[in-house]
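This report concerns only the one structure given below.
Letters A, B, C and D mark the chains as written, and numbering starts fresh at 1 in each.
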Amino acid sequence: MILVLKPNTSEESPEYKQLCAYLTNLPSIATRVHTEVGAEQTLTELYLIGNTKALLVEDMLGLPCVDRVVRISEEYRVLGRHQNDDRPAFFDYNGVRFGQDTLNIFAGLCAVDTIENVEIMMKALQAHNLVCTRMGAYKPRTSPYAFQGHGKACLPYVFDLAGKYDIKVIAMEITHESHIEQIREALFHTGSPTGVMLQIGTRNIQNFELMKMAGRQQDFPVLVKRGSGITLDESLNAAEYLASEGNRKVVFGLRGMRTNLGDPHRNLVDFAHVPVVKRLTRMPVCIDPSHAVGTRVDSADGLSDIMHVTAQGIIAGANMVLADFHPTPSKALVDGPQSMLIRELPHFLEDIHIARQAYEKRVALAAQYQVAQ
Amino acid sequence: MILVLKPNTSEESPEYKQLCAYLTNLPSIATRVHTEVGAEQTLTELYLIGNTKALLVEDMLGLPCVDRVVRISEEYRVLGRHQNDDRPAFFDYNGVRFGQDTLNIFAGLCAVDTIENVEIMMKALQAHNLVCTRMGAYKPRTSPYAFQGHGKACLPYVFDLAGKYDIKVIAMEITHESHIEQIREALFHTGSPTGVMLQIGTRNIQNFELMKMAGRQQDFPVLVKRGSGITLDESLNAAEYLASEGNRKVVFGLRGMRTNLGDPHRNLVDFAHVPVVKRLTRMPVCIDPSHAVGTRVDSADGLSDIMHVTAQGIIAGANMVLADFHPTPSKALVDGPQSMLIRELPHFLEDIHIARQAYEKRVALAAQYQVAQ
Amino acid sequence: MILVLKPNTSEESPEYKQLCAYLTNLPSIATRVHTEVGAEQTLTELYLIGNTKALLVEDMLGLPCVDRVVRISEEYRVLGRHQNDDRPAFFDYNGVRFGQDTLNIFAGLCAVDTIENVEIMMKALQAHNLVCTRMGAYKPRTSPYAFQGHGKACLPYVFDLAGKYDIKVIAMEITHESHIEQIREALFHTGSPTGVMLQIGTRNIQNFELMKMAGRQQDFPVLVKRGSGITLDESLNAAEYLASEGNRKVVFGLRGMRTNLGDPHRNLVDFAHVPVVKRLTRMPVCIDPSHAVGTRVDSADGLSDIMHVTAQGIIAGANMVLADFHPTPSKALVDGPQSMLIRELPHFLEDIHIARQAYEKRVALAAQYQVAQ
Amino acid sequence: MILVLKPNTSEESPEYKQLCAYLTNLPSIATRVHTEVGAEQTLTELYLIGNTKALLVEDMLGLPCVDRVVRISEEYRVLGRHQNDDRPAFFDYNGVRFGQDTLNIFAGLCAVDTIENVEIMMKALQAHNLVCTRMGAYKPRTSPYAFQGHGKACLPYVFDLAGKYDIKVIAMEITHESHIEQIREALFHTGSPTGVMLQIGTRNIQNFELMKMAGRQQDFPVLVKRGSGITLDESLNAAEYLASEGNRKVVFGLRGMRTNLGDPHRNLVDFAHVPVVKRLTRMPVCIDPSHAVGTRVDSADGLSDIMHVTAQGIIAGANMVLADFHPTPSKALVDGPQSMLIRELPHFLEDIHIARQAYEKRVALAAQYQVAQ
């Protein structure tokens, strides 16, 4: 059970202390405090854990400071969408909103290779008014003998260039807790010209220690990608590790399931789960069409499979898109075959726009029909 | 290699005989004739099988009667889309066109239960100007002790009612070759008030004897559904069994893959393969959102998962939709939980319309960009 | 609920008629009769279907003719192993016993190609005192353009040679109901020199019409192979189709699951399900190591993977082994890469003997420990 | 390409320097040194990385200090079994040998709960002359709200008791690099009464940073468990991360694949890969029947599925067995349903003994047949 307190409730106030005293006396109930410091107000939520079935919502509503009460199911306590749960399904970071009703495009390099390519990419983004990108510095690779990314060495120029081209958020995969500190330091030394969304990849989603470390900080939001061989439920539970440690700025990413039933695509695209994640949790949902499809091949109607699955994700309400681009895919050090050409960017964006408009029309239509009933 | 002959080439003409004589003398080459009798013209294709690598396209083009030459890859000889293959990707049946550029909606009953429900359903279809439906008479069920459908007993009233409500094509699953004859007879006795598209389900896609029998007749087109636990390539090869026996009026259906990685959906939706099938073959592609999703549950944006995945299939170019409806899903004998209510039909159709419009815009946009390059 | 009647109960006896009259009066209960005519006695079982929960076992035991009463769970009514179910778990065919406590080896040709190879194979079997074999006449192939087996043309010489070399049972895949009649006729014309176990392959396990046809005859036992992409439960339900039509002489075959998680094997070997099938049903369990592994490659200890997985199946209680052999695998028309050489037969048999001895020791040991408790 | 140097080659010797100088001059070739300090001798291997195809084995054999030359394939450079690769396939740790020809049983607690249970367990092991065990202190759990293990707090008493009962090696899962140091410290403070084999579980196999940290130390051997949703090849590549950092004392564990095709088992048992791993690499292979099966249920022959799959792994050459036991499984905090009772230990061990004897007989028989050819 969650007690959502009135905005700006002070921990020093006598009412708050009275509330705490009351809760302490409840048998078999532990309390966990979550505080969200916003620009305008501070929100406090108290999680009651234990035998909460015996507690009545009405009783709890009568306690001092309590604004609302949400009875939660066992799973996804923090990130889950519970019955009568009107808590927000968005967060803001560095001037960009990430919510279940927004759409952000993260086109960029799967792996940073040269400073020139980073600049070409970012310049193109700015030219199309994009303020987000993906830039891989730490690359987990199947073989220990493959290129593993430039690591922290490339961070300074990546961040400088991001500042130069007005990029607000860079999605960047981390594979070790130390990368968080490296990113923080590089941002500090470059004067924080941009922001970073930490990305935890499919291989590390059940690396719970890394999840906890990313959850213990609230400077950076986290994009966590679904595990490619585990159930959706297991992946959502893994995302909850972040929130259980305090960081709720979490985006959930779909990137396809590993099975040869998906051939000739690299993965079996799972974007039918976009609405499922939005129903079960309050996380915005990201799709990664490049890794899901793994090839630039075109269909008979002149559209590539990557663009088709992107449109599929978006027409069902996806909130974020990761897409691999590269100035010369044939020379990319990682995942060249799935990278789009930079000159394809405007087509990609217009195509997304059509799909997004269709999604918005669909939602408006559904609202009309609901009213009519 | 395929020799596409000039329209209306007569098998009695001296040129045709000259051609055949020439081909007979080619070493290690067998010839197979396929004739397609259309309303306006008869098209003949000669398949050269064997060591065709030694044959030159130019030489073949110089032979009498030959209009075009298509060099084919090993797989999907008849249904495949080969290089420089401009053969048509559509067919007409009972006044309805099924092609890679059309869209037909088959809303209907998963399983026929009562004559009243059939009439309620068809009346609703007519009210929305739909001329196709799905009506299950023969139901393959996992357990031998479950309801197996009314079989041929229901055909007369189903066909009569179809005629009454202007239904042109009924998709109807068959599980045994004798069902083809039963359907033919029932159509004959009711005065052919409608048409039937034979449906071969996921459980029978590798029942090659049934495929061959459905391929040896050309009265009825065939909808073949992908196997839920085999690769796409294997399923396309299975569809080729139909065509290799002479029937090219084949629609390929996607209905999701069986794996718990798709939970909480009944199957892992595979509609990302819509453009893949259209690229590899010339078959129209059908999607079955009802069986893929298996539940009527709504997402947070007020749209059901079934409607979301339908939109996903359509925005990527799907050409046909099978959808389960029922007047009272809770009383349906088969698959009630996934059936939509009949009053949801107009919303479903409008939602599809939005997605289809988006698809058409996307194709037009892609054409513009291709011209621009 | 099953009422097992006293042996040799006559349908004409007054007691039997009294029993039937009583059952007819039970509300919401239908009765189905299954009669098993054996060499020494006739066994009759009455299946009570419907609301049997209200019936008491003690009441039923008091009815005339009733020997025993088995309360069954919903699934696998006939083939299942229910609580306190001491019905037999074996059957005899053409002098060979197939049971949950026997072991029969079916080495042979995956596909019959030449009469010479059939004779070489059978001669080798006789030399090693084997009385069973596998011989494929009807081959379902992924591509319609691949060799589909010699069909009924090869049956006469296959059966003649079987008689010459004292083969009692040939496992032979069928893909259409007409094959049953073709086999019956060929046996008749050759003077029934051998017996046939019909085999229904993984592609046809949910071809329920074929299952029913094989279930409506009792001349031939049936080996049904698990579906390679469906759950064990679904495959066991499919096997029940045979029994629900009257044929209980059913062997259940394991042959690996189709998933790239099994690489580099052709399939992910599922022989851990040997004890599961024996626990859930009364069917003997067959393993097919050749198709499961799909390659003859040797491991570091000098034993091939095929021999390793065979031993794995047997040490867990497998009752039947299908194994592909060929005089010259490189020339085999089907599945050559997985066929063993005929000179490897004695090693294969001795290896199996070691594993079977180990299984028997394990069972004896378990019995000791159970007594000790 | 690997140059195996003569034993006890000193890095200070002029021959060694001469060798290095030569290698430095080779174009496009980098060299990596691996030194294995044994009790009696020091072995040095030089890995030549880059364009080694141009190098001739004979030329390399003529270089100073070089004893043998192994040409390696691209994958699994260090752990792989390459052509003509007679490097050892075993290692020794704390007096226990782990090799592709040995068998070690690790019965124990999945998760340490109380000191009493640890002592009961270890006492039972000593009574049966077992010197290895499994003891989980750090437990990765799907939900953040589940019991996560006692962590370092339990290490002192676990190690003390291990010393008391002559346990030489404890397999203990780690989920973070800091756990290595915690274990090292706890061993130091307790006077190193036992040894620890670090275990990296299926969820962390592609947590490459953890793999690297476990690979950078050589104090503890590492058991790495296959990823439950990735291919065998990917998992073997992950194991190579350990070796590429210097630690070759690696055991590879099989524990079943996550797919509902394995139902009713918790996982689809993959022990058919035992001989595959031994063929492709030089790692000993461990099986984990408890996690693979996930239930204690018995089959019709009185043996539990866990014991059946254990026997399956061993008859195919498994070298190590992890098995969950618990004094009172119903009270176990983790995985109680799959834990065996301590009184079942002698039966379990005798059953394993039968299977191991069968394996040894099989290998001897195979050797006879190889000689005979």
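We take it that contacts are C-beta pairs under 8 Å (C-beta built on N, C-alpha and C of every residue); 3 or more make two chains touch, one makes a residue touch a chain.
Owing to the predicted nature of the structure, the values given are computational and were not obtained by experimental measurement.
Asker: Within the chain touch network, how many edges lie on the shortest path between chain B and chain D?
Answerer: So the least number of steps between the two chains is 1.
Asker: With a Cα-based fit, what is the angle in degrees between chain B and its identical partner chain C, given to the nearest 5?
Answerer: To map chain B onto chain C, rotate by about 180 degrees.
Asker: Would you mind telling me which chain pair, A-C or A-D, is linked by more contacting C-beta pairs?
Answerer: Counting C-beta pairs in contact for A-C and A-D gives the edge to A-D.
Asker: Just curious, how far off is chain D from chain A if you go by their C-alpha centres, in Å?
Answerer: Taking the mean C-alpha position of each chain, the two centres sit 36 Å apart.
Asker: Give, as an integer number of Å, the spacing between the C-alpha centres of chain B and chain A.
Answerer: Inter-chain centre distance comes to 39 Å.
Asker: CA centre of chain A versus CA centre of chain C: separation in Å?
Answerer: Centres of chain A and chain C (C-alpha means) sit 52 Å apart.
Asker: Please set out, as single numbers or ranges, the residues of chain B touching at least two other chains.
Answerer: In chain B, the residues touching two or more other chains are 229-230, 259-260.
Asker: Quick check on the complex: what are the chain C residues that touch chain D?
Answerer: Checking each residue of chain C against chain D gives 81, 89, 100, 229-233, 257, 259-265, 268-276, 278-279, 292-293, 297-303, 305, 307-309, 311-313, 315-317, 347, 350-351, 354-355, 357-358, 361-363, 365-367, 369-370.
Asker: Provide the residue numbers of chain D that touch chain A in the complex, in ascending order.
Answerer: Touching chain A: residues 49, 74-75, 77, 140-145, 175-176, 203-204, 206-210, 227-230, 234, 237-238, 240-241, 244-245, 258 of chain D.
Asker: Can you name the residues of chain A that touch chain C in the complex?
Answerer: It is residues 259-260 of chain A that touch chain C.
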